[in-house]
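Next come two complexes built around chain A: one with chain B, the other with chain C.
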Partner chain A sequence: MLKYILKRIFLVFFVVIGVTIVTFSTMHLAPGDPAEVIAVARYGDDLTQEQIDWVRVTEGFDSPVYIQYLKWIKHVMHFDLGRSLVTSHDILEEITIRLPATFKLAVLSLVISLCIAVPVGIVSAVKKNTVIDHLCMSAALLGVSTPNFWLGLLLIWLFSLTLNLLPSYGYGNFEHLVLPAITLGTSMAAITTRLTRSSMLDVLNQEYILTAKAKGLDEKTILLRHVLKNAMLPVITFAGLQIGFLLGGTVIVETIFAWPGIGKLLVDSIYARDFAMVQGCVLFIGILFAFTNLLVDITYAFLDPRIRYENT
Partner chain B sequence: MSLLKIQDLKVYFNARGKTVKANNSIDLEIRENEILGLIGETGCGKSILGRAIVGLLPDNVKIGGKIVYRSEDILNLSENGLRKIRGKNIGIILQNPSAALNPVLSIGNQISEIYRYHENMGKKEARIRTAKMLEMVGIDPKRMHEYPHQFSGGMKQRVMIAMGLALNPGLLIADEPTKGLDPTTKDKIIDLICELVINKNMSLLLITHDIGVAEKMCDRIAVMYAGEIIEIATIKNILSNPQHPYTQDLLNSLPKKGLNQTAGESPSLSSPPAGCRFHPRCRCIIGKCLKTHPQLMETEKGTSVRCFLYGNN
Partner chain C sequence: MKILNNEINILKEAGNNRMAAIGGAIVIMLTLIAILASLLSPHDPFEQKLENRLLNPCFEYPFGTDDLGRCIFSRLIFGTRYSLAIGVTVVGITALVGTSLGIVSGYSRGIIDEIIMRIVDIVLAFPGIILALVIAGILGPSFLNVVIALSLTHWPAYTRLVRGLTLTLREMDFIEGAKALRASNIYIMRRHILPNCINPIIVLATLDIAHAIIFATALSFLGLGIQPPTPEWGSMLKAGIPYFRISPHLTFFPGTAIMVTVLAFNFLGDGLRDMIDPKINENILVSE
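Entry: the complex of A and B
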């Protein structure tokens, strides 16, 4: 297993390098002169050529691209992502301030999603092609095809405007978290339910389930001992991927509920043309995603003996 | 004494609007302490017959007839009653051991759960029994914590044997236990199964592709063709005097490998040939073979054949 983990870490290393290159390029491959873009953000639309040249020299845009990249990497490695073009705040600090909000929302939505999806998916599979299964799958289909923004607005309308039970936006206590977490959680649950069901059905059709039946074990024992452990492997992987996505901020839901997470920071920065901040966010999200994936891979190794006892 | 008696067993699949007659009017008896071989080409319904005996058929199946074990008709049992028979009275080794073992449970757990479930044993006691069982099939009990992927094909088959015999059932069904194994391993596995079956006074239904294996181990041999038994005879009779043309072809092919030595295609089970199922491939065909379906009839002591060439069929 050590070999497997080392291999993954090695891979993540390359992924992170890739992420930095892509992030760096977005700044430079974007149409227009980056010096001009920054100058606009800094001095407004009425620019003189001197101002642009000044930015070009001070920001190092006159040196070759690879030198610029290496310089930037050096800063990044010292946890220096630069400063916002608009507010001059430290970018990493801005991001880490937003992290708790995003983290809370991510974890609660994932918990909600799994609490719905796993039991429903299991029941659906066990009661395959019955009314219960059809109901569950119709609900899941509805969930998949309902856009987040629409569900969010619907929930706001129902719970905030009509019933007056929960705040419609903002950040603070648990009540603020409920609606955005339900919006995200239920929409994710829809996909995870389908995955759980198909994974269960896949395992139920395996020959080792027939062996378990041939031993005379009862349904419950077979389900708990033989089916679940196998069927949950892909679900866990998927949940890991989802948490990776969620930690990168959920642009739509955070925007609808004015939730001050990383997704909202990213959107706000795009509107403010704060390219340095956008670059910082994208880099941060990319690296976070790579590391959550690594974590998922390692967890998977612990759960699947075929990897755990891989010959090294 | 008969241990298992199958009467007029019909197993029909409903697959995409067509009826696949996987087992058609099977009559078969397995006696106490007997090793009965079941041979026939791929797709003729051998595995389905084996699985029908323990009530392990897919959902899309219609089943009729009788399968009487000792005095109980298995087909009349509830799911609960079936569970008590499975493992305890009838053990089955399914074909393809690499797919038949759960990849995420240690092999020790996969054996000991049988004791824990059927005999309500504690963990420790079940583990001791598991160790004994592993030793019996020639696996170092220390390996009980290992997982299926850490075992070779032959070793996996030994694990399957240990599982099938864990509760000393009266009947063991072994479905192609030597398929995919190299010749040396094959011999060892067959010797192991037969030794255990004989020592424990059990009966064995040995489903096999390998007529050499059947010839070596079995007391009687049943030959299946297109979902039917076409000849059943003692090993002595079948070797000295094979009667059905298909059986003769099979035995003539013995020095070569495999069973598919008869010219022509395997018959379809959804629209089998009229008359004798074998007539399109038969070299002895006579007039009525085309229209009339022959019955399985005793032609001499210890031999029954489904063919118009013999007896008063």
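Entry: the complex of A and C
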């Protein structure tokens, strides 16, 4: 298992380097001269050539790209992501301030999605091809097909505008968190339900289930002791996928509900053409995602004996 | 015990085929609407009649009018063109590129495989829509840039799927046979491996159109995709938000249009998957 974990860690290291390269390139992807782009963000549209040259020299755009990259990496390794082009706030500080909001939203959404998806997926698999199964799967397909910005608007319309029960935007107490978390949680639940069901069905078709049945175990024991335990493994593997969906979803949901997390920071920075901040957010999200995936892989290794006893 | 019954359930087969049929029918209908948009729409989608602004659905304007007095029904009809065009273009590009890379990767193994798969890892290292969002945001809002942003982020799904299939296929006897007959590698990849991968690719592509449409409308919704006055569903939705309280129909109809279209492609994809090969691992095909 150690070999497996070391291999994972090596891969994450590699992915993180890739993430820094992609993130660094985003700045150079912008049409036109990056020095000019920064100068516009800093001094406005009325630019003199001197101002652009000044930015070029101070930001180091006159040196070759790989030197710029290495310089940037050196700063990043010292947790220095630079300053916002618009507000000149420290980027990492700004992200850390926003982090709790995103974290709250993500965790509650994950909890909501699991609370819906796992029971529904199990019932659906056990009652395969019954009316219940068809209903659950139709609902799940509808959920997969509903963009979360549309679901968010529908919930606002129902709970805020029509029923006047919950606030439609803002940050503060728990009430503000309910609608964003339900939006993100239910759209995630749709995917997880389908995964749980198909994973349950896979396990139900295994020979060891037939053995358990031949031993004369009752259905409940088989389901709880044999099926569920094995069926949850793929669901955990895809927790990585879920976290990706979650992080992507927060961007849209935070924007709709004016929830001051990292996703909204990213979108607002794109609007403001604050590329330094965009770069910081993307780097942060990319690295966060890489490490949560690593964590998922390691948890998986502990849970799955097939990996645990490999090469020991 | 019923749940342990392994035999194929004929009812399910019929049910799934029906799903594919319904999905397919809606997709064909949407395609016709897109092609015949100018014949079907009762009004000019760009024509502003300020005296008719924010009308509720009525006989002349079936879905009402927007804040500039434009016919929402006509705009939705023209919007079909943009969503379908983006979905098909993105999937066309990504399926072609992703599949080619996947076959080369799985067939050649070694260093080429390693390089391609590491690039895949890096692209997939950015969760969901974020990379597309940033690319579209930096390039600036336009149809072409939406296609570029989505294409750059969507191809790894095909590469992973096809590489996995190729790895299994290349060990099979008929490939050995082809090699013994001195067929060139390119010939083997094109004539022996590709045809055996095509069914799962079709399923993935169908589901991916749904995915691309959601992403494209999300970009427009955030103001980073196709811009007004173009009658694109995502940007219509965005434009309706300020009037959400008094005239919810401004957002309701575009939202429903997106949902129905996406649902149709998902129906078709799911149905096709069960028809073509029920053994395709659903996990691979659940959107990334």
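To be clear about the criterion, the second predicted complex is superposed on the first by the 304 of 312 C-alpha atoms of A that agree within 3 Å, B and C clash if a C-alpha of one lies under 4 Å from a C-alpha of the other, contacts with A are read in each partner's own complex, and residues count from 1 in each chain.
The rule is short, and it goes like this: a contact is a pair of C-beta atoms (placed from the backbone, for glycine too) under 8 Å apart; a residue touches a chain by one contact, two chains touch by 3 or more.
Source: prediction; values computed, not measured.
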Which superposed partner A:Asn164 touches (first chain B, second chain C, both, neither): neither
Which of chain B and chain C A:Leu210 touches, first, second, both or neither: both
First (chain B), second (chain C), both or neither touched by A:Ser88: neither
Which of chain B and chain C A:Arg225 touches, first, second, both or neither: first
Touched partner set for A:Phe275, first chain B, second chain C, both or neither: second
Touching partner for A:Ile156 - first (chain B), second (chain C), both, neither: second
Which superposed partner A:Asn173 touches (first chain B, second chain C, both, neither): neither
Partner contacting more residues of chain A (chain B vs chain C): C
Which of chain B and chain C A:Gln49 touches, first, second, both or neither: neither
Residues of chain A at both interfaces, chain B in one complex, chain C in the other: 210, 213
Residues of chain A that touch chain B when the two form their complex: 206-208, 210-218, 221, 225-226, 229-230, 233, 303-306, 309
Chain A residues within the chain C interface of the complex: 11, 14-15, 18-19, 21-22, 26, 29-31, 125-126, 128-129, 134, 141-142, 144-147, 149-150, 153-154, 156-157, 161, 191, 194-195, 198-199, 204-205, 209-210, 213, 219, 234, 238, 241, 243-249, 251-252, 255, 266-267, 270-271, 275, 278, 282, 285-286, 289-290
Complex contacts: residues of chain C adjacent to chain A: 1, 3-4, 6, 9, 11-12, 15, 118-119, 121-131, 133-135, 137-140, 210, 214, 217-218, 221-224, 237, 241, 244-245, 248, 251, 255, 258-259, 262-263, 266-267, 270, 282-283, 286-288
In the complex with chain A, residue positions of chain B that touch it: 54, 56, 82-88, 91-92, 94, 96, 99-106, 113-114, 117-118, 146-147, 149-150, 160, 163, 166
